[in-house]
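Labels for the chains are A, B, C and D, by order of writing; each one numbers its residues from 1.
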Amino acid sequence: MALLRALRYFVEEAFISLWRSRLIHAVSIGTIAVSLLVLGTFLTVASNLHAAVAEWSRKIQIVLYLEDGLEGRIRESLERRLAGDPAVAGVEHVTQEEALRRFRRLFPDLQRLPEDLGENPFPASLEVTVRADQDALANVDRLVVEYTQAPGVEQVQYDSLWIRRLNTAIQLVRWIGGFLGGILVIASVFTISNVIRLTAYTRQDELDIMRLVGATRAYVQGPFVVEGVIQGGLGGLAGVGLLWLAFRMLVGRALASSDLLGRAVVFLPIQLAAAIVIGGMVVGIVGSLVSLRRMPV
Amino acid sequence: MALLRALRYFVEEAFISLWRSRLIHAVSIGTIAVSLLVLGTFLTVASNLHAAVAEWSRKIQIVLYLEDGLEGRIRESLERRLAGDPAVAGVEHVTQEEALRRFRRLFPDLQRLPEDLGENPFPASLEVTVRADQDALANVDRLVVEYTQAPGVEQVQYDSLWIRRLNTAIQLVRWIGGFLGGILVIASVFTISNVIRLTAYTRQDELDIMRLVGATRAYVQGPFVVEGVIQGGLGGLAGVGLLWLAFRMLVGRALASSDLLGRAVVFLPIQLAAAIVIGGMVVGIVGSLVSLRRMPV
Amino acid sequence: MIQAFHVYKQYDRESCALSDVTVHVNKGEFCFLTGPSGAGKTTFLKLVFREELPSQGQIIVGGRNVTAIPDGQIPLLRRSIGVVFQDFKLLKRRTILENVAFVLKILTVSSKEQKRRAFTALKSVGLHHKMHAYPLQLSGGEQQRVAIARALINDPMLLLADEPTGNLDPDMTMEIMTLFQEVNSRGTTVLVATHDREMIQRLGKRVIALEKGRVVTE
Amino acid sequence: MIQAFHVYKQYDRESCALSDVTVHVNKGEFCFLTGPSGAGKTTFLKLVFREELPSQGQIIVGGRNVTAIPDGQIPLLRRSIGVVFQDFKLLKRRTILENVAFVLKILTVSSKEQKRRAFTALKSVGLHHKMHAYPLQLSGGEQQRVAIARALINDPMLLLADEPTGNLDPDMTMEIMTLFQEVNSRGTTVLVATHDREMIQRLGKRVIALEKGRVVTE
């Protein structure tokens, strides 16, 4: 009963304090929200990039263009040889007609161009998918050299340089993301304990008076801890909410429908979003306890 | 004289206040520093990406692989026709020997492979650079179709899909950067005015007393403005300093020497770094004036 | 109730706020603590409810040695003592009813009971009609009376009042003294620090006089 | 020096802190303002140095109509008035020397001159030996004397003292009154709000008595 009353008092006091200096708390919750928003943005980008890269890696392709009018037998032996290579994940035969169809699908504006030229200009090809593992790039190099001179192969085309550049870019994003992410988690803890310290500081007189009329330390500090939890939680909610809004307005609309990134862009999984909010609350508790640590008796 | 004394008083008081509650101010300067650090990180990434993209755009290439043993006359007429095209920025003839040399340069591990195969497997080619303007991608498509059937051309290779993907990625980085950058500038203003408001709030009694013994509004507020400037400036300096350290430790070491990004990664130009610090100070002034606006007489 | 043995209190090197103070106040007694400004009256009261620790000596309050009780028990000690602070020490952001009720709130008394008793206490000092005002909306004397009401609300075993009538007019002063005597007659030990010679003379109670930190008359 | 015409002050709907107060205090006069707790003494003083504006009526101080002066001139008015606040209003984070010197600092007097005069002012209230202490390290009476020293340091044309001896012993009270009379004889108009009947009788100056916001005797 007494414990319940004390708890009710903590919550009431926390809300009174939040309401009485609502401007300052709005600003502080905003600051926390922005920190968590930035963190959330990176998590979103990172999770999407990670998925996209996984997808793209699965698509590293070498295209073997075949000589015109190649015998089916030779083509089949090529296919068999490729399929037997441990580095190869799959082989697909693209006929001249299929190549033309693809061209028409990709460039609707130029629909009639091939016909104007009078003849199907696209060669048949074998599209080789390389297994997405650590040696993928080395394997691409080896395969290219190996099949450039193979019977029936006119020309080998591959994506190696772009893939290298992309890998560099991804590595860069990971480094920056990790760096900023780490700093921002620290910044959030900083911000909350900062605000609570200042809140306690603005009420130092009151806290002294409470102790002098016989309030226990726990009783004096309780409302601050609850206030920290509420601030952290609201900041986290606001951050995730803003992130979701921004996602819908900017990224979602522009990219969700197109598949230029290789796949649909998705929001943070619900668990991660919840983790941000709960993380905010935990940080609130820790921040308030840290800031109240050195209170005298 | 009187003005000088007042100014000296402002600076003294500001430093006394900074020193008296140095912990709180360290935390607040830290918060500002982190905000500006994040902003600076984005500026660094953006300026580097921008430069890299400019560089890469200049390198959009179409490679026309030539038939083996093609007559020089036909090759030259092809070169002339290409050079006359308004979309073409340049044409370079790569001989079979040159192609082999390049391969050896790019893949030192595979030095001896071509020789093992007994014959130079690489065809001669014409490397066509497309003018880097808005229509670059459309021009690439047109040129590919136009020259696929040209006499003497065996095969046309081009980077279109990767370029599209890259462009999407760049657009994405710009959106996210602009979005986060905007929010973080606001967050910095928020943070500083927040801290100054709280500082003023913790000293409300004092400010009231000063006014009651005859201090003018300007005299009471002066130290806070100076405090804001110092906080903002220190925050900015710390942010830029941290950014520089991080740059040296993470990005600089790993990427400065390699040219996988297409060019060396560079730090913010000195003007932009100075702008961050000065921006911090301006934000400090604005933040302090905003937070002191509603003080009574 | 209060037994102080050879108590010294030194805030800084140069001077001694209290030197070799030995004082006994019996249970149920009503006595005055007097002396010129800076004599050490407030310091002595601070030692009694353990706001400060003596530099030397022992103080026993209600059978507890306050110089040696553990931190966790300090709130219990303070709850059994009502204090009227010289500078009132009211919570600026709470109404005076809440200020007075706060002493009961930390005892987790039900909020209805809190209000009832706080109202009664405010009524006894004539301020029930202002119960929803905040301290800064009151005159100096009114604030002082709120501090008095708060000190009395929980029927303390010991009442320490530091210059409780410095901001009150003579009539109100007598009313408050009558109130203190009533409380005293119900068993509370009362110790009042004051400069008001007229009041001391009129009540004719025991007087402990301090001067420069030493007891000069008992 | 002070001319108040039909002044009303209403903080809230229900009650009137001052009603129809018409008071004249001549230049060079020394007079007391008295009345029970909550009578409106502090409110009247607040109106004189423009901490508050009257709800109705006009107040002329030193020839200036303080109900109508522009915001920018308020500091000038306040600099010509020395005030001893009922709750002292000392800057907690400055030493008492700095507190007293602050009045000169805002006039951009040189810091050497500031120190010299602040020291003299503290000496006149007997606190020069504590000049490097902070207000919270002083006893109540000592803080009150610092507030008095601050009010006097700039030779104000008008001295307003709100219960300036509420925390002082009778001897110190007389010392302070002697100081006020000295200042008065040098041309400063003095208005002291107090409950201390003995002091009023002993000095035999003019008394303005308030009760429930109205002037009852002049």
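We adopt the following convention: a residue touches a chain if its C-beta (ideal position, glycine included) is under 8 Å from a C-beta of that chain, and two chains touch if they have at least 3 such contacts.
Worth saying up front: this structure is predicted, and the values here are computed from it rather than measured.
*Asks:* Listed by label, which chains are in contact with chain A and with chain B?
*Replies:* The common neighbours do not exist; no chain touches both.
*Asks:* Quick one: point me to the chain whose Cα centre is farthest from that of chain C.
*Replies:* Chain centre farthest from chain C's centre: B.
*Asks:* Just how far, in Å, is the C-alpha centre of chain C from the one of chain B?
*Replies:* So the centroids are 66 Å from each other.
*Asks:* Compute the distance, rounded to whole Å, between the mean C-alpha positions of chain A and chain C.
*Replies:* 63
*Asks:* With centres defined as the mean C-alpha position, give me the chain C-chain D separation in Å.
*Replies:* Centres of chain C and chain D (C-alpha means) sit 28 Å apart.
*Asks:* Chains as vertices, touching pairs as edges: which of line, ring, star, complete or other describes this one?
*Replies:* Basically the chains close up into a ring.
*Asks:* Please list, in label order, each pair of chains that touches.
*Replies:* A-B, A-C, B-D, C-D
*Asks:* Which part of chain A faces chain C closely enough to touch in the complex?
*Replies:* 1-2, 5-6, 9, 20, 203, 205-206, 208-217, 219, 297
*Asks:* Please output the residues of chain C touching chain A within their complex, sorted ascending.
*Replies:* Interface residues on the chain C side: 49, 51, 71-72, 74-79, 83, 85, 89-93, 102-103, 105-106, 108, 110, 150.
*Asks:* Would you mind writing out the residues of chain C in touch with chain D in their complex?
*Replies:* These residues of chain C touch chain D: 11, 34-39, 41-43, 86-87, 137-142, 144-145, 162-163, 166-172, 195, 197-198.
*Asks:* Going by the contact rule at the top, pick out the chain B residues touching chain A in the complex.
*Replies:* On the chain B side, the touching residues are 21, 23-24, 27-28, 30-31, 34-35, 37-38, 41, 45, 56, 65, 107, 110, 113-114, 117, 119, 121-123, 141-142, 145, 148-149, 154-155, 157, 159, 162, 164-166, 168-169, 172, 175-176, 179-180, 183-184, 186-187, 190-191, 193-195, 197-198, 201-202, 246, 250-251, 254-255, 258, 260-262.
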